[in-house]
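Single-structure report; data block below.
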Amino acid sequence: MFYTDNKLQYPVRVEKPNPLFARALQQAIGGVEGEIRVAMQYMFQAWGARGDNKFRDLLLNTAAEELGHIEMLATAVALNLENAPLSMQEDVSSDSIGGAVLNGMNLRHILSTGLAALPENANGVPFNASHVYASGNIAADMSANVTAESSGRVLAVRLYNMTDDPGMKEMLSYLIARDTMHQNQWLAAIEELGGNEEVFPIPNSFPQDQEAREYSYVYMGFQADGSEPAPGRWSEGLSIDGNDSFSTRPMDPLGEEPALGRARPNSGAQAEQM
Amino acid sequence: MFYTDNKLQYPVRVEKPNPLFARALQQAIGGVEGEIRVAMQYMFQAWGARGDNKFRDLLLNTAAEELGHIEMLATAVALNLENAPLSMQEDVSSDSIGGAVLNGMNLRHILSTGLAALPENANGVPFNASHVYASGNIAADMSANVTAESSGRVLAVRLYNMTDDPGMKEMLSYLIARDTMHQNQWLAAIEELGGNEEVFPIPNSFPQDQEAREYSYVYMGFQADGSEPAPGRWSEGLSIDGNDSFSTRPMDPLGEEPALGRARPNSGAQAEQM
Amino acid sequence: MFYTDNKLQYPVRVEKPNPLFARALQQAIGGVEGEIRVAMQYMFQAWGARGDNKFRDLLLNTAAEELGHIEMLATAVALNLENAPLSMQEDVSSDSIGGAVLNGMNLRHILSTGLAALPENANGVPFNASHVYASGNIAADMSANVTAESSGRVLAVRLYNMTDDPGMKEMLSYLIARDTMHQNQWLAAIEELGGNEEVFPIPNSFPQDQEAREYSYVYMGFQADGSEPAPGRWSEGLSIDGNDSFSTRPMDPLGEEPALGRARPNSGAQAEQM
Amino acid sequence: MFYTDNKLQYPVRVEKPNPLFARALQQAIGGVEGEIRVAMQYMFQAWGARGDNKFRDLLLNTAAEELGHIEMLATAVALNLENAPLSMQEDVSSDSIGGAVLNGMNLRHILSTGLAALPENANGVPFNASHVYASGNIAADMSANVTAESSGRVLAVRLYNMTDDPGMKEMLSYLIARDTMHQNQWLAAIEELGGNEEVFPIPNSFPQDQEAREYSYVYMGFQADGSEPAPGRWSEGLSIDGNDSFSTRPMDPLGEEPALGRARPNSGAQAEQM
Amino acid sequence: MFYTDNKLQYPVRVEKPNPLFARALQQAIGGVEGEIRVAMQYMFQAWGARGDNKFRDLLLNTAAEELGHIEMLATAVALNLENAPLSMQEDVSSDSIGGAVLNGMNLRHILSTGLAALPENANGVPFNASHVYASGNIAADMSANVTAESSGRVLAVRLYNMTDDPGMKEMLSYLIARDTMHQNQWLAAIEELGGNEEVFPIPNSFPQDQEAREYSYVYMGFQADGSEPAPGRWSEGLSIDGNDSFSTRPMDPLGEEPALGRARPNSGAQAEQM
Amino acid sequence: MFYTDNKLQYPVRVEKPNPLFARALQQAIGGVEGEIRVAMQYMFQAWGARGDNKFRDLLLNTAAEELGHIEMLATAVALNLENAPLSMQEDVSSDSIGGAVLNGMNLRHILSTGLAALPENANGVPFNASHVYASGNIAADMSANVTAESSGRVLAVRLYNMTDDPGMKEMLSYLIARDTMHQNQWLAAIEELGGNEEVFPIPNSFPQDQEAREYSYVYMGFQADGSEPAPGRWSEGLSIDGNDSFSTRPMDPLGEEPALGRARPNSGAQAEQM
């Protein structure tokens, strides 16, 4: 169950509203690297978590935090839209360069919301919940969360670098800090699960003797001339899960050219295919 | 540039075709955990890779492998659709239980492809390329790849457990093995980049003194009653990036209730809002 | 800012798990009539609300409630998936009717979540945030909310009628009751704004003498034979907004056949079009 | 069955073509507030209408009108694209401000249609038919239609305010007038069904003694500090459906923390979860 | 401008309602091979048609026909849903095989429409208007229409073969006949434009001496072993557009391995990439 | 199985980077007329091809070529983003016209990829695999491929006309040439299948005496006034498939107004509908 107090988790202040930056901020709301995604991801992971309850707790608690981040960013979008032009006429008069402001705007900020945020990304593409990864495997979920917070912090850093508004920089410095924590937090959860050697390969419950083990630690080459691809940590030495040693070899096809045979009557194919 | 030889990377054999399993296999083709996604993800990461070229090499090489996995799975879908019913009449006659086979089918396997695979998931939702994560940050990309291969192996294991067809189990044991390698491979790439302490927080190029550092390693509580959420590795001890120590505290709002003010004339609001 | 306490708003109990009903319940989570939609809709309306703050308050408060409804339904899905078959073998053995259970399942409940809920609808289509209506016009928003709660209660009633599980009926009787309240609540907000005569036509801030007033209260006929369409309250009497009287008339085209002229060179058209 | 005469329902005239306004107009074609949506919505509602046939009639008749509105807007888009730049060179030469026109364009207006309309919104997102609400409940449908016409008129007003082209203003004044009528028309349909007290709660066919009646008219508070949210018409007095009185109270969780138990073997979870 | 008369273009009769066939029919409504797509495609092509007006006429006239096909199919879906089970209880009692009918249904036919059609495909995926091809090039449009009617007739044939209901077979025999006509009609339009030699390559307005002409009629081989791919009409003889002769040759890369260089500071990359 | 050699199929060179053109090029990568679509389409057609294996061969070989085209275009996007502004500050300083460059950019080129390509179109809409047409009917597939290459060449020509960068013009002249070949190639495949008279109507395996033959070659009129629509090759003379002669006639409804009857109890309708 969830509660609210109508206040902002951290102050949101805009000194010089910028409708283009409002568009950019949308990526942090409704983009695949954004806050709607992590809020929903942590909730659905929590609601499907089986096993030790502490992970459910951790996930729901962080989900509540992320809901507040969406709120901060939505407020930031609205504040950046203060005094944005509503018409061609205003646009021209507000700037000696005709059309410059409207050109760069998400027009739905005018047409659909009357100068407020939308649950969509910087290109106006609505958030799609297929990006909510909740696998029922706690380690795969933690890995997905490290990824989400990594791309999230990359995005926040780029937004920080894009703006020179002190208020926006301050808000983003908070969100960047929280992403630092969250990256560490999900990595810590992997450590709590035993670290890379216990956790991988995910899922660790599948008996490795049932996989085609001779292909499990080989860096295969798919170079057209049969040469070996560039070596690295992935081509020699102990595997990261500690279960074997890496090796390398070029790959040849182990199967034949498949043949599906003739089409069946009544299957809608051309007569020649039957 | 890419080449083909029309052959299968690994043998694909179906002893007892099962149209329901054909539907399930679609998840490994066009699902978010599937092979189209990783093939495209590794390609786009490669094409945007800056810095040391060996990562570009590694990515493209593995992308070529994944293209062959899509091919194997698409072939497996077609083979599982052999003799699937094309009509209500066939359905009834093939089984004493009316409708059972058609009920469980992806009807587009009949209606749209004439018994062949589609680039969509097990529920018939087409693959959407927003799932291709290619961030321009090599570490974020590697993390995304660990995640993709983790959810990919979880899926392959579930498919392996779902079927009792020996041919399908054999094919899946190969794909599971390759996912084992790929999880290790991308983890190895993170190690090649210096391991967790060098790599995190991602991006490591942002000066941490510009983030709101006092919030960077705190596990904040958002419990309605102000209590602390469940402790764990994430609430005390050295942070995983090695830059600080974790601490815990309940969070109170640092901002106020925001006020956007009155709506502007000509903004399409109700008169009462202006 | 948001908080949680990890508890369910209302008890969720399943006596006889039913994976098909788990699929049906997904519509109330990720369908267009579902709870993710209203939770997000009320939040974004709140964050864009201008004018009297009480509406912002009302919206955020109800958003917090809806978050708890998603949680209840996600839990109900997981409980309905208890003991669902994970394989063809289990499916056959659990029921004398081969394939019956797996046939009706959302296969991603096995393959993608390991028996837990997803943010998608009963057909497996992910929630898409374009369904979040937040217009910046408080009356249009309230009308959208009446609509959302109307389709939401219709859905909840259909789910109630579909199941005979006492625990599920109990949970749904609560959700139906809340939809009753929410329909009334948003209608009350329209009354608070002055009722139909003050509120309509939305937006009420546009001067009606600037619209083509002679067409503002006419029920026009588009019948191929020029006849009048069926009369009703909409074809005569005082308009609902109280501003005029309804009338009826068949419509003839007021414009001509448009002509775009020839295609321009270099526009990619065929030579014949230029 | 449908017919056409190739003529425009109302004259469409553009004095000064403006490619940016062409982009804006797309919202009224393929946006969620646009004309494709209402045309399809009224058709599908009609085709699923059960009970008194006059609603089917009303819906189909209005659907035919809306098809003509799409046509008007598509023509308006094409006319606004007259002489739009097709290249960087033209763009520079047509305006002393480099790039200004192309910057603001929907590039698909050049690349995909050769200067004509698309079935997508102002951000280039294609229309998605999940926005077609046709519930099988005539009252829910009428409410959805009031909503659609409300957001539609808000949009048309914003477009009217955005442009200073007399031809465009004239066309929009007609569309605004028709939205006035359509809001009134669907409200009139609700009145024909008996007005708010007969119609609500939707569906009115569900016996209210089967809902958890004690929660049906309570304005519940979800404030973190247990305080009451802002009062209003929704917190006291007779309910709008006339069936009870509103009351208010803070909400405490009625359920417990849910526990899903351990993961099953073969479910793809980590070993620790089993 | 469009008109209606509320009647069906062709009789729609269902002798034995079948909810599974209702699901299948959805593909012909909202699938990529379906009628919403062609109706919208012909409209948008018409509204963007430049040059000789007869194509605009032809397109709009056929669009009107297709609107009537959607209507027929939507009616057929509703009739096939007559007496479909609304609940687990009804499902069990209607058939000795538990769950069989509900298992195969589009559950939204119950939950979202109350036994009527939806604008989505056989898998429940909503129609997406990105499938509306209207290029501004009349020949490309005609080619797209041949394709649409080809996949449309393949689909209608598969539906015809799937059912044994005489009423449905009769309706489909009409739709198949119309697809026959429409394939011929759009092919005739290509002939009217001069036939393959005049029309191709599309667009025929681009001077072929500006393309890299030495690659314009070569069947290139991308076989890993450098061998030639299977020969055919495409590898020798006069080209179909009559402008040159086909030849064959294996392809070697003409470009080098690209290098994007180091990442820029402030671009959110890892430090190692800069 | 697929292979790579990391090299570009054709040189990609950008003399004067242009971030707006980078956005435009995205249409050729992830647009419906783009290269991801054809690459995937040819692969899925190949993997579902039944009958003579030479078509499978042809399709896979061309798919491999198209993969290399995506690679070329992705490289071209990255090169066009060289020195694009990363911030408001850089934007202002790089150009005397404030905001001009950022205004026209796909902001995800900064925020999501750090100056590299995305699998989305020129408006930022991600590629959706529902555009992959693979019907199981070899002739329908070849027709779809002619269409794809036609819209592809139209797009490439428009991009060629849009830019004045010599490097980009050179790359596009190659892609245009290949589209010329591919249009011819798929037309040649239709000829190999026997040409229009053998191939059409697609599917040619359906006995035409089972279609409602009297409507198979009639150009029907749907004009509101009953007049005949504009005549052409489609209204008289031998049909293109050679099976009959075209004729023309106005269409009257052959069916009645449908009636679905009353709604069932428990179906969620209003009481008045039952």
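To keep things simple, chains are lettered A, B, C, D, E and F as they appear, and every chain counts its residues starting from 1.
Rule of thumb we're sticking to: a residue touches a chain if its C-beta (ideal position, glycine included) is under 8 Å from a C-beta of that chain, and two chains touch if they have at least 3 such contacts.
If you want to know which protein each chain is, UniProt gives these names: A, B, C, D, E, F = Mn-containing catalase.
Remember, predicted model here, so these are calculated numbers, not experimental data.
Undergrad: Go through the assembly and pull out the chains touching subunit A as well as subunit E.
TA: Where subunit A and subunit E share a partner, that partner set is B, C, D, F.
Undergrad: If you take the mean of the Cα atoms for each chain, which one ends up farthest from subunit E?
TA: A
Undergrad: Measuring between Cα centroids, what's the chain most distant from subunit C?
TA: Computed centres place F farthest from subunit C.
Undergrad: Could you grab the centroid distance between subunit E and subunit F? Build each centroid from C-alpha atoms only and quote it in angstrom.
TA: 10
Undergrad: If you average the Cα atoms of subunit D and of subunit E to get two centres, how far apart are those centres in Å?
TA: Those two chain centres are 26 Å apart.
Undergrad: What parts of subunit D, by residue number, touch at least two of the other chains?
TA: Residue numbers touching two or more other chains: 1-9, 32-33, 48, 50, 53, 57, 61, 64, 68, 75, 78, 86-87, 97, 100, 103-104, 112, 114-116, 120, 123-126, 128, 130, 135-137, 139, 154-155, 157-158, 161, 202-203, 206, 222-224, 251, 253, 257, 260, 263, 266-269.
Undergrad: Name the graph shape formed by the protein chains and their touching pairs; answer line, ring, star, complete or other.
TA: Complete.
Undergrad: Contact residues on subunit A for subunit D in the complex?
TA: Going through subunit A, the ones touching subunit D are 1-5, 48-53, 86-89, 97-100, 102-104, 106-108, 110-112, 114, 120, 123-126, 135-139, 193-194, 199, 202-206.
Undergrad: Which bits of subunit C are touching subunit D when the two form their complex?
TA: 1, 3, 5-12, 32-33, 53-54, 57-58, 61-62, 64-65, 68, 72, 75, 78-79, 86-87, 114-116, 125, 128, 130-131, 133, 135-137, 139-140, 143-144, 146-147, 150-151, 153-154, 157, 160, 170, 173-174, 176-181, 183-185, 187-189, 191-192, 196, 200-203, 206, 208, 210-224, 229-230, 232-234, 239-241, 246, 251, 253-258, 260, 263-264, 266-269
Undergrad: Contact residues on subunit D for subunit A in the complex?
TA: Touch residues, subunit D against subunit A: 18, 20-21, 23-24, 27, 31-33, 95, 97, 100-101, 103-104, 121-125, 154-155, 158-159, 161-164, 222-225, 251, 253, 257, 259-263, 265, 267-274.
Undergrad: List the residues on subunit C that touch subunit A in their complex, please.
TA: Listed in rising order, the residues of subunit C that touch subunit A are 1-9, 30, 36, 40, 43-44, 47-48, 50, 56-57, 60-61, 63-64, 67-68, 70-71, 74-75, 78, 112-120, 126-130, 132, 134-137.
Undergrad: Note which residues of subunit D are touching subunit B in the complex, please.
TA: Counting only subunit D, the residues touching subunit B are 154-155, 157-158, 161, 224, 266-268.
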